[in-house]
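Below, subunit A partners subunit B and then partners subunit C, in two separate complexes.
== the complex of A and B ==
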């Protein structure tokens, strides 16, 4: 590549780097400031002041102390963990079994089954929620943890089926046939041959399903409501019409995104495969 | 594959007539193909929480749904449908949704392609990619709050930068009807361009480097190499990136709800946002079901097209 091209390339990457990291750096620095410091901006044009604002400030843990001080943040955190965990606990095992059947059996109408699964995954939450709201209300599941968990299963189960089937398709059938010769049943063959081989895929599925449920706002807002208030809803309530607790919102947001960023980077190799539902190999 | 069912079939025929009902049960159980049991949990759960609600939504669109205790739903025929087609906000909502999704796609695909090409085969690229991935993992709700603060006219960093550079000084970009929708587009672009970069980088691995070098040697300039060699190999990845992002962009409204809630002056009241307010703020469930059903059908049609294309791209193998 000629010289000007290379300069242009690194310039482009540098601009995109700044565009990507500035909001994150800003968020981290705001989380570690006292409330009055968050509102201080240098006079217009003082770029050095901005640099200090982002990197050299009086660090303080006061925002974290205040969100953990009253118990509600902690209870929202527990609700988030419970709703995420339970939805994964239902979706992944049921998805594994269904994916195995779809991968190995000649099922009549398989194409329609696939289509149903994938469209369920692509349905807009706001439309899915309307009948769920009415139904949950009539059976008393509205604003309860089980109701919210089932709502999360509506998107996590189809995702798990679709993704895991892709992983299973990549394992040759001959391996199981050897196990049948050894006198093992289907479940035995699955547990001893298939499962160990797709374990990384199962791990990626668990992490991605957790991410979808953890980051959800709309289902938690409407179906979870008061009874099952998760972190995204709890954090959003820190911004009311009368007062916005920016410091707490930033600190709470940081607590919320940190586990997902770490998990996401941990599986970055399978992230593309997962987010494209197996349409791409990362 | 049918080993179990065959070996099990013999004893059933030989079963004594006395235990007839038991043998009928066994016959049903043992003649059921194995995959039914493996599929059952997932299919039953999914049918209960998606298929049944889907039909319930159609039912509600022909009823006047009354949530108050003691009142039952009233049949109103095509009433809700007629009102939906008479409602100018619906058309406005679809138009805003179209602009939101359309501009987001163009921006993200363009940026994603450019950056993927810059990052491809670049030393240190993988470290940059890792950093670029972070926004994707930030919950949309947090993205909304973060940009609310960044753009805040009195203490937002981005408002300060725009003001200093003389680009914009009239308060928050989110509270101006002319800029609000495009600001949300920018937020979505911040969050999701990385996914397009990742998909295209994976796709670029399939471009044979010797062919690229050969055409460089032949005297092709980089632009010719891109169009003649790279693009044909990259086309499937571009399509996948576009379809996935398009579907997600159509579906999610968290960022709009957190930042503008459809305002200012309804400038960001896209169809799903309008639907949200109609259903869960006015509690007009019947209209919600009607509008929701049309949105769902529109998305299912898109999904049908997307799925067929994706499956065809994957090679079709066994699933067609």
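== the complex of A and C ==
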């Protein structure tokens, strides 16, 4: 007979699974239905009916057709990809360089500098929105893709530095010194010794920075505006003052989560290793 | 010397006189450009418009080709949901260097908070007759500038008061642009099916009319709840926190006879007041406030259980998907409700004035907004904005937005035109104008019910308090109506230093 603890564990896992997966299943199911089918409910007490409504219906691509119909959704998708990709391309290499300096160089007060770097990430984005808006407006970056990328870099770079420095600190200096003995310079030692060892950590940083930029709504709404409208903002506009296009929102939501799911699956091994890197030190 | 004949003399004299007058004429022409030149002076430039993503603005956006043809300018629209719009607009105005030329001026929750950042249009026109004060700008189109009250007469009643006046009657912060007015939407098929049974049983008519009271209507809803299986619930209102339920509160207070949402010291309800004084300071208002709280809860008995999550849009969606027999919502939902692709209630919906409260007032909420111009813009940019506003609130733009894209016209001439076409009748085939007929009746015959809520600079905070306390009350988290109202009063008075 299974132990009560084991039963409880599986029960807890089952509840957690249902709690997290049900909304996603509902979203996927609704995105393949016609608008009137989304609002169908089974009769009271018909639990089997819920299962039928979620999984057995006449699938239709009408919601996807309608969101891609006028090209604006596709344009938001491209903006999201560009804003996320560019911000990660800037934040992670710059973060690597800064983290390396903070980890290896003898900089006076680097402990305080390191802490200061991460404090810039501690304030909620809304708290810095007014100064950022005024600044962006004055430099002509408002409602532009470069302006939005810069906003994401502002938040992602400190995070990347903070995360990557932790990974670098876990690499023994002796390994690097061995490379110097072999005639490598700092860049050579970094590329051939440190980078391969912290690659899982870099993967985790890429994922986490991407998720911040990809899912961001506030910066895209205020700073990106009309000129750099990303998917979260585009999808939110499907709810107007007189009508909420639930089917299109569900289809848009599905399109939006797919790239992150694919990215997560592609580097899931690195992600797990990366997130646990430095947890134990010898 | 050869003598000049008479013909030659006249010719030369005319030429000389013409040459003498020419500089004066040129000067006059330059100083008084033609009407077309006044509209075209910023040809090739862009006007940035920040507005709400509602049918009226979608209509004006779709009609903006007219604006480009008239002015040679391009109108660039940013259309957002109210919350996003508020965030952008407040930041843009308070940042000191506005990006947008034209702001959507919903009186609450926008205008009463940020009106000081807007330029009164007194700068451009005589606010009585619409005549331009600047030689290079046109008069407001289609206004009888000889009529000392010509400007107001050209727009729907009270719409200036609602969307363009803040705290000081001598200033006008824009021109009326759209209207969202509370009316009743009901399923005619359900009323036809259950009405005779109800009348047989009770001897009372089962219909909505200007004479129906909320108590009559409540009894009808109870009957539907017991008998009608076609819908999930008889009635829907918007009870979501904060603005939706606060709007219901405001309407019911008016219907129960509480004026100015309980701010007895506000002298001019439509202009508002920067210091509104204590709320519910009059005993009779307080007693009626308690009755309204009880009534809001009583109505839950005939409403859909999801009402506490519904704002205007959620409510509209519920009605359109066949969950409700009746809803009270803004008239601008009519085009959506009458769209057979989006709504099961299309062609089956009747429209009527909101029922009477115990005070005998048919009270309805109204969100009549204007368009305004940021004060911090340079004069040239303000002029561009002003040209756009005059066009967008003019009869041609409003008519096109209304007929082709379901805008909500605010020009009285548009309604006259619709009436002439026979659209303002219950059996009209132009179904998407049904709300205008009811709205007009409300504005014409039930003006005391016109309810915009208080214009106070602290409206955002006020809304948090009132909406929050009401939500707690209807959700059963406050034990008594007295406790709810006392807490609300204490917090609102503290907010205003009373």
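In this section, the second predicted complex is superposed on the first by the 249 of 282 C-alpha atoms of A that agree within 3 Å, B and C clash if a C-alpha of one lies under 4 Å from a C-alpha of the other, contacts with A are read in each partner's own complex, and residues count from 1 in each chain.
Convention: a contact is a pair of C-beta atoms (placed from the backbone, for glycine too) under 8 Å apart; a residue touches a chain by one contact, two chains touch by 3 or more.
Keep in mind that what you see is a predicted model, and the values were worked out from it rather than measured.
S.K.: For the overlay on subunit A, clash or fit between subunit B and subunit C?
M.R.: clash
S.K.: Applying the document's definition of touch, where does A:130 land relative to subunit B and subunit C: first, second, both, or neither?
M.R.: A:130 contacts both subunit B and subunit C.
S.K.: Touching A:240 in the superposition: subunit B (first), subunit C (second), both, neither?
M.R.: It touches subunit C, and subunit B stays clear.
S.K.: Regarding the shared-chain residue A:201, is it in contact with subunit B (first), subunit C (second), both, or neither?
M.R.: A:201 sits against neither subunit B nor subunit C.
S.K.: Which partner, subunit B or subunit C, touches the larger number of subunit A residues?
M.R.: With both complexes superposed on chain A, more residues of subunit A are touched by B.
S.K.: If you stack the two complexes on chain A, which partner ends up touching A:120: first (subunit B), second (subunit C), both, or neither?
M.R.: A:120 contacts subunit B only, not subunit C.
S.K.: Counting only touches as set out at the top, which of subunit B and subunit C does A:39 meet: first, second, both, neither?
M.R.: A:39: touches subunit B and subunit C.
S.K.: For A:142, decide between first (touching subunit B), second (touching subunit C), both and neither.
M.R.: A:142: touches subunit C, not subunit B.
S.K.: Once chain A of both complexes is superposed, is A:157 in touch with subunit B (first), subunit C (second), both, or neither?
M.R.: first
S.K.: Between subunit B (first) and subunit C (second), which does A:225 come into contact with in this model arrangement: first, second, both, or neither?
M.R.: Touch status of A:225: second partner only.
S.K.: Across the two complexes, what residues of subunit A are contacted by subunit B and by subunit C?
M.R.: Common to the two interfaces on subunit A: residues 39, 130, 133-134, 137, 222, 236, 239, 246.
S.K.: For subunit A, which residues count as touching subunit C in their complex?
M.R.: Per the stated touch rule, the residues are 35-36, 39, 129-130, 133-134, 137-138, 142-143, 221-222, 225-226, 236-237, 239-244, 246.
S.K.: If you look only at subunit C, which of its residues touch subunit A in the complex?
M.R.: Interface residues on subunit C, with respect to subunit A: 52-55, 58, 76, 78-82, 84, 87-88, 91-92, 94-97, 99, 312-314, 316-317, 320-321, 323, 330, 332-333, 335-336, 342, 344.
S.K.: Any idea which subunit B residues touch subunit A in the complex?
M.R.: By the definition above, subunit B touches subunit A via 1, 3-4, 33-35, 38-39, 41-43, 45-46, 49-54, 56-57, 60, 65, 67, 111, 114-115, 118-119, 122, 128, 130-142, 145-150, 154-155, 157, 160-161, 163-164, 190, 194-195, 198-199, 202-203, 222, 237, 240, 244, 247, 250-254, 257-258, 272, 275-276, 279-280, 285, 288-289, 292-293, 295-296, 299-300, 302-304, 306-307, 310, 313-314, 317-320.
S.K.: For the complex, give me every residue of subunit A touching subunit B.
M.R.: 1, 5, 9, 12-13, 16-17, 19-24, 26-27, 30, 38-42, 44-45, 47, 50, 53-54, 90, 93-95, 97-98, 100-102, 104-105, 107, 110-111, 113-120, 122-128, 130-135, 137, 150-151, 153-154, 157-158, 161, 169, 180, 185-186, 211, 214-215, 217-218, 222, 232, 235-236, 239, 246, 249-250, 253, 256-257, 260-261, 263-265, 268, 271-272, 275-277, 279-282
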